[in-house]
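Have a look at these structures, which come just after this line.
Paired with subunit B in one complex and with subunit C in the other, subunit A is shared by the two complexes that follow.
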Partner chain A sequence: MTGARLIVGPFNRVEGDLEVHLDVEDGRVRAARVNAPLYRGFERMLLGRPASDALTLTPRICGICSISQSAAAARALAAAGGHTPAPQGAAMAALIHAVENVSDHLFHFNLFFMPDFARPAYADRPWHPRAVERFTSGAGTAQRAAIEARAALLHILGTLAGKWPHTLAIQPGGVTRAPGPRDKVRIMATLTAFRRYLEGTLFGAPLEAFAALETRAALMRWAQGDAGLFLEIAADLDLDALGRGAGRYLSFGAYPLADGYGFAPGIWRAGGLSPLDLGGMVEDVSHAWMLGGAAHPAAGKTLPDDEMRETAYSWCKAPRLGGLGYETGALARQVVAGHPLARDLAGGGVLARVAGRLLDLARTQILMEDLVRALDPGAAFMDPAPEIRDGAGAGLVEAARGALGHWLRVESGRIAAYQIVAPTTWNFSPRDASGAPGPLEAALEGAPVAPGEDTPLSVQHIVRSFDPCMVCTVH
Partner chain B sequence: MNVLWLQAAGCGGCTMSLLCAESPSLPDLMVGAGLRFLWHPSLSVETGAEAGALLDRAAEGEIPLDILCVEGAVARGPNGTGRYQMLSGTGRSMLDWVDRLAHRAEHVVAVGSCAAFGGVTSAGGNPSDAAGLQFEGAHPGGILAADFRGRGGLPVINVAGCPTHPDWVGETLMLLAAGALGPADLDDFARPRFYAEHLVHHGCPRNEFYEYKASATTLCEMGCMMEHLGCVGTQAVGDCNIRPWNGQGSCTRAGYPCISCTAPEFEEPRHAFTATPKVAGIPVGLPADMPKAWFMALASLSKAATPERLSRNAVSDRVEVLPGPRKPRT
Partner chain C sequence: MAEIETFYEVMRRQGITRRSFMKYCSLTAAALGLGPAFVPKIAHAMETKPRTPVIWVHGLECTCCSESFIRSAHPLAKDVVLSMISLDYDDTLMAAAGHAAEAALEDTIEKYKGNYILAVEGNPPLNEDGMFCIIGGKPFVEQLRHAAEHAKAIISWGACASYGCVQAAAPNPTRATPVHKVITDKPIIKVPGCPPIAEVMTGVITYMLTFDRMPDLDRQGRPKMFYSQRIHDKCYRRPHFDAGQFVENWDDEYARKGYCLYKMGCKGPTTYNACSTVRWNEGVSFPIQSGHGCIGCSEDGFWDQGSFYDRLTTIKQFGIEATADQIGFTAAGAVGAGIVAHVAASALKRAQKKSQDAAKKEEV
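After this line comes the complex of A and B, so read on.
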């Protein structure tokens, strides 16, 4: 079979706009280029505005990671002003953020990722009838259950954050609404109902049992719930081998609380953990339709190349740390946080990323319940932050999809610089000046392409296993 | 009826909000109203070539198109080419796709303030030169001309909001499916009247504070947020406090101001979103349909008459002073 070039798009069941270019040779992807084909320019919109406007505008970068953007903006503003939020306010901000992350994981699994296994191309597989029944787009029984469970879970955000998406509830000093005793029991009731859904449907067993898995072998024996169906499919199609990563993971640390993180920050490389140090981070623009050179985000600019020069192919910049690309997301978060199952899955492909997400979902539900148990309805939930005249700071958070950073500089009360690096900016970055591909581009190399396929299924599985959020990427 | 949904230059949050629909959920609502998605970027199975072929057939008129929903503003830049958003895999700009499909559609629905007016995508100098479908900010005429009408005779229906309430979109679709939405059911910005004839102020639990001008001074206090914190709920259309969001929520219930996200140009308030601009200590932008002098007179009277319960609770994060019990009859 001779070489062929494929352009895959519109690439749906990812959040936002994505186009993937593939060079195919001998039935395998030889090289991939990932294009984010939308530019909106949020970083430029923010320049010259009052600093607090970041809290209104940056959540609207993304309708699925809206709270993550809120949390990053609030933390960047707090850092710039040298302010610390009220401890219970920080705990409620963490709860609000966790609800969004859990909702996103649930949707990714049920609505974005699993429907591909209901395709007729898999009609000869023993599990196919169950995949069709559970995950057919718009009609699958698992999909319907997930939509209803998520809508009910998001009642917590109605109560604490007014609405979802796009809330102003998370502020540098805490949260804007003090929950009372009634809210506490109501929120716990909602979480209890959500746990019943997770244990009855998605995991088919207690969450603690899934969270206690320590090895890939133990994971592959898990047969209950829709997670079990996924693992059966993963074993049959060898999804562990498909789209393997480089084993380099980045986490900014999730759910910062007065006594530490819910899931700790750090960098995982060559099988070892090191502390999070972003001193050697740059955003490379050699293959992005952006002008200006590579820069650390604290000094970065967003200057679109309206000519869309031939040597570039994406509106996405290429973040690198110490010259290397890093994968970020639920798997990375759990690898860095030290979970034995995640560590055993490190370096893996589609299976590792999706199982990492299920693990993160189970552990985050347990964390949310702990947060609500510790909720003190008599506490202060806001320590108002003074207005910032001049300052600079970074807000680093863990979105559902991984490490999200805002870098902000305020001069005379106005935003003088604002740079945002989203999880998918890391994962779906284009090549850098050395020609090294981004994590997805690298993961796609070697993916099998069946004769006649114009939108290869293997490529769809790999792309969706990252749970990309392109609208965050192309802020 | 079929529904084709495109995501232009926006955040996708209106789809995420729509999926919060309850009693019934979105899938049940669609089935119940006889609606089905021809294609939706978040929900449909078709990807790549199969999706591209579907869109081509709709644009060529081979598949009759009942309702075209567009979420997100439409980027016209750079230099009018629309290349800031290419619909991936098609080699064509979203600008081109929206224009072609709109002229095939029986009804065109702009979902969210970006699609309706440009919204947040057009904020801050409008880097991508984005516009709404039939409005550019408050000015008629966007990507489509001011006199554009869908084949069914209606202008682009602007289900504005940032995000939109799931029921605003769901009820608009159900009314269209029932043939029960006419030109008279839309306001001057072509927003469905069923939610645009209310103000966010209606049903706001802070109304009693508003009556006495008992104001919150910082976010997290219970008082009215109009005087100091930028709340424009008295001028903003929406039934947000009549039918709450995500169970029991609304912006003002959660302790932060209404920023009138259903209105054109809300993204450029010309002041910080959470601060009320004042001239000589008096807030500008008082209720639009009330004589200013009357408002000032009533405000100073009611301020003078504010019960201590309200003046103290207004600057507290929870109720400090309870409503006084009625004295027992002797």
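After this line comes the complex of A and C, so read on.
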């Protein structure tokens, strides 16, 4: 199987459409090119509209992480107007956002990632019968439990955000819904029930015990719950070595509150942390079907290349910071926030990304409970922002899948420029002008391909370990 | 055509008990507004009829419709419907990947020719020969046409498939086009909303599977059982509208009292949907209940009707000539008279609607 070329796609159990082109040599992936084959043109629709339209339009980029888009749009509008939301409003916006992030993690683990281990190809492994029982697509017992737990958790979004997907409650000045004392009790009850599910099923032990793990070795000894099953599989298949990253991580900082972030922002590179500085950020379009040169998103444009020129291969632009690609997501968030386990996992592959997500899930549940405990029904939840005539600003948030940025410029009350860079834009970016591959493309290099495989399992594990959201990638 | 199992057999195979099955039948009857007498009918239909295969395809969209669908109110209802339609082909949820998935689609089309329902989420972009949405190396519009050719009927899920929704918002960069403008020779049922309410989705599909026919549709092709009333008609804040009590600013004193959001740009008075009765996320709430006006997401072209925070200027209240502004100042002193006038106005509206309906029938 020397010199074979494979096109893998369409991918299922990822949000949106994705194709991966692989050059295979001697049973290994030599090079990979990732194509986002879907383009809708949100950034162009936004131009000329009233600034506040961004709050309604941008969530429709994605039905899975619509609140992340809401939150980013609200923060971009607040930044453009120099406005600060009411502290309790910011706390409720954080809670709404955290609920969505947590439910995304839960869904990814149970419905998108784990079912691959129930495939017949693994029938000879000792854990296979349990994987089949828990995670067979559409019928696994873990899947049903996860769907039910998640639907119950989303009652919080019903209460605070009116509806999900696509809420309207998050505004630049806070949130439209002022929860009363009764809501506070009800939300806490829902969170407690969700904790019971997490501790009974997913982790099989108190969340605090998982959040207290400090090393990879300690993690691999965790045997309880579905997390334990995953770790057993990960050890057996050596998922740590599969699809390793470059060890460069980016986080915009999650859950900004009046007194700081829930998880701090920053950049992790060469084993060290530096503050988040996006001055050196560009979106490279050398291999994207986009026109115009590389530009900072504040000055960027989205001009699709109708010719779909030969030298390019994706609708996705390639964001780079100081000339380098960065991985973003739950693992990056926890590495940057300084969690010892995440830092011990840094640079790892499939195992690190999935374990990072579980860690983020456990810690975010604890954070949500703290937010509700501090909820003050008597406080103001909105400090209404005046309409913006002219201004520019960036809304930087952490979606479930990582760093999401909206860059906005308003002129005479209308949107004059709007650029969105989603987490998967970073992770699944094509090559840049120097030929350097994006994080997924790099992680795929060296992945084993068994003879006769046209959709290699190793490739599927690596792709899904990033939890891609393709509709956000190219919007 | 291959032998197909009955709904009941499928459910039993999925581990659903007889008792749960009967419970599901009564829930369904209630959701569809049918009396208890229909419960045994539904049960009988499901025990004897072969299940209807469903192919679910995705074009330009955000998957919010699937997201809504899989968390409908009663976990059982969702389980049953999911196992019932079993989504013979679904991009997002199915197990297979890559070429195996494409083969599954072909198999399903071949196996159930002329007998399956095609559920479409999202829409095809037509610019650049459809190159803005590629599935399995081909433009989505080709997959759609191919799958539609042998379908019995088509469900357009959500505002995207029904009207174009957000990707068709001006200037519609990709020329995203609703399904009924591409497929013109099949019965199409529109279930608009961004996304549609989960219970509306399961209700529509259950009705079609149970009774083997389309529900009654309005002129726009929407099922009447869910889209015949405005949000405004059943809004729990309606008494405040009628009393002229309005929220003037976000989180003001009136907002905390739950006054009407009309002045904050609520589009409830012009939007036909079931949000104010069925509600969202298992009946917990809906946008107006969370303090934000309705944006009219189940109406055609709602993206391009000006700001979402502009007040509707055409809504009459009480009498024929007063708008909400005037009422807001005068209501306190004239509540008694207002109620009388309102009743009169409503009666007049009903009369108008009747004559419009009659005129419509004559046209047909």
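Rule of thumb we're sticking to: the second predicted complex is superposed on the first by the 474 of 475 C-alpha atoms of A that agree within 3 Å, B and C clash if a C-alpha of one lies under 4 Å from a C-alpha of the other, contacts with A are read in each partner's own complex, and residues count from 1 in each chain.
Just so it is clear, a contact is a pair of C-beta atoms (placed from the backbone, for glycine too) under 8 Å apart; a residue touches a chain by one contact, two chains touch by 3 or more.
Being a predicted model, the structure only gives us computed values, none of them experimental.
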Is this a clash or a fit when subunit B and subunit C both end up on subunit A? clash
Which partner chains sit in contact with A:Leu18 here, subunit B, subunit C, both or neither? Use first/second/both/neither. first
Tell me which partner A:Leu257 touches in the superposition: subunit B (first), subunit C (second), both or neither. neither
Does subunit B (first) or subunit C (second) touch A:Ala193, or do both, or does neither? neither
First, second, both or neither for A:Ala295, with subunit B first and subunit C second: neither
Check the residue A:Leu273 against both partner chains and state whether it touches subunit B (first), subunit C (second), both, or neither. neither
Answer with first, second, both or neither: which of subunit B and subunit C does A:Phe381 touch in the superposed model? both
So subunit A touches subunit B in one structure and subunit C in the other; where do those two contact lists coincide? 7-13, 15-17, 19, 37-41, 44-45, 50, 52-53, 55-57, 60-64, 66, 111, 115, 136-139, 144, 147-148, 150-151, 154-155, 157-169, 171, 173-178, 304, 306, 308, 380-382, 384, 454-455, 460, 471
Please give the residue numbers of subunit A that touch subunit C in the complex, ascending. 7-13, 15-17, 19, 37-42, 44-45, 50, 52-53, 55-57, 60-64, 66, 86, 89, 111, 115, 136-139, 144, 147-148, 150-151, 154-155, 157-169, 171, 173-178, 304, 306, 308, 315, 380-382, 384, 454-455, 460, 471
What does subunit A use to touch subunit B in their complex? 7-13, 15-19, 35, 37-41, 44-50, 52-53, 55-57, 60-64, 66, 107, 111-112, 115-116, 118-119, 136-139, 143-144, 147-148, 150-152, 154-155, 157-169, 171, 173-178, 180, 304, 306, 308, 380-382, 384, 454-455, 460, 471
Residues of subunit C touching subunit A in their complex? 14, 58, 60-68, 70-71, 75, 78-79, 82, 86-87, 91-102, 125, 128, 131-137, 165-167, 169-174, 176, 194-195, 249-251, 255-256, 275, 279-282, 284-293, 295, 297, 303, 306-309
Subunit A touches which residues of subunit B in the complex? 7, 9-17, 19-22, 25-27, 30, 36-37, 39-52, 55, 75, 77-79, 83-90, 120-121, 123-125, 127-128, 130, 162-163, 218-220, 244-257, 259, 261, 267, 271-275, 317-318
